[in-house]
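My questions will all concern the structure given below.
Just so it is clear, A, B, C and D label the chains in written order, and each chain counts residues from 1 on its own.
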């Protein structure tokens, strides 16, 4: 998860994360729009042979979709689809928490007690989400490689079965 | 699309349709529950090597999912997810229109003017949906093989790109 | 519930129904758009002092709302909001079943086993919905006055508490 | 908006806010559950004659509803309904940001650029939401009375028309 407009370093990070997730054999699910973290993470994944990317879009089929998305799910529900993204992910990784859309996804993920990782989040975001009661507590990671380590050692998601 | 409880002939039909869709290189998307047409169509698809099945579920991740579903999208939105199924499908095929859930999906598909095929529908369903104004007009098919012919000749969906 | 484009007789019927519902002390909930049955039913209700009309809209707050709606609920979910309309109504009345949007609402209402009345529906709609398995069975009414009688005698909804 | 489990001082604050909003002639919309800030704000509103309270619930009609809610809208969409609450409110007031559900609503409100007030929020919440880019900037208030002043002077919502 991540913003459609973000800093170049966040995009690089998202691209590398997408690649590492695909190399580890996992499906990469994003908001599917042709912008920002969504596109970068999917592009990273699609640089790996045999990868699979899923986009859960805020629009119907008339809306724009990233060319890096293999499978588009059209909700036509705007930001309400953020709840679907979170529930459909075995692990929610926020690449930066630079905008309110991503913040809503982190909050929904913690509310639903999904495993959640804050990657490269600003101190204010970490301070806010890690002190919140009534939900899960997010992991913190400085690099995409650290995210993979957390998923493998703490969350223990199996590789996706090959198709 | 189809009912969770239905006649044996509808299940056979759904299974064959799933297999034919997968053989034609298309992704099979259903409501994802371990029952009825959803499970039968996915099982048919999974009898084909390299197939991909998607389930868009009414529940969150705590709910039951068909073991024939490769990719589960958890909406936790009950029947409101029917709108997502319809918008995310290049062609909507109703395997029988035996229950109100399927009827709602056919109606939503026509409203959104998605290509829609009624497979083995009772005369009352055909009469109702084919005379309705303000939306698309469904195709009719007697057999799964006829559905494939309609998709290839009338709707012209390209094969899914191999992953 | 009813179509945004419909016959003049359906509009008259919707207007009278809205008035009778308001006179009976009930809240009138529609899809809230400034068109067709939605607007006519709300206008009928608002001709009664002390009435309350609720619109559950497919758009966000930037979309058009009928001036006859007292309270607008903005879903920004397109037709997925039909599921909300149905679940939020003590009785679902379809004023004509002339379009696929209304058909989806009737189907969702039967699926959820909400009390449902088909007012002035064509024979094909009645034949279809009354023979469907796996959900409730709709009442039929020829006139708005007959709808009120059904609600009072069969469904037994209490008057809304005065505010 | 606010948590279902929260500190006594937050409940008092929510109750007073509900009362002041109703006295100012506004409709009070909450998540509608019989708990926490939702119930307290509605109870405060219902202590005022002629008030109107709306609950937009995560459940269907089988779920629990606060007895202080006049009009229940049943979404059966879980936390995805938070997007509806935010879009349907002329002003979003968060009574404390103590849990992730409320945090998601504040984030969605800022994303949609709805006028948003943080009432009695902890410093970490204020620091997080006020430095976020790509959305609106929330107002801050220490007391319910200050919220009313902000709405009247900054947001300028007209009184709801009497019904």
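We adopt the following convention: contacts are C-beta pairs under 8 Å (C-beta built on N, C-alpha and C of every residue); 3 or more make two chains touch, one makes a residue touch a chain.
This is a predicted model, so every value here is computed, not measured.
Chain C and chain D touch with mostly matching residues; of the residue numbers seen at this interface, over half occur in both copies.
Counted by C-beta pairs in contact, the busier of B-C and A-C is B-C. Ranking all chains by how far their C-alpha centres lie from the centre of chain C, first place goes to A.
Taking the mean of the C-alpha atoms as each chain's centre, chain A and chain C sit 40 Å apart.
Centre-to-centre separation between chain B and chain C, using Cα means, comes to 29 Å. The set of chain D residues touching two or more other chains comprises 60, 75-80, 83-84, 112.
Remark: chain A residues 27, 50-52, 54, 56, 60-61, 70-77, 83-84, 87-88, 112, 161, 163 touch chain B in the complex.
If you check the complex, the residues on chain C that touch chain A are 60, 75-80. In the complex of the two chains, the chain B residues touching chain C come out as 3, 5, 77-84, 98-101, 103-104, 107-108, 110-112, 122, 124-125, 127-129, 131-135.
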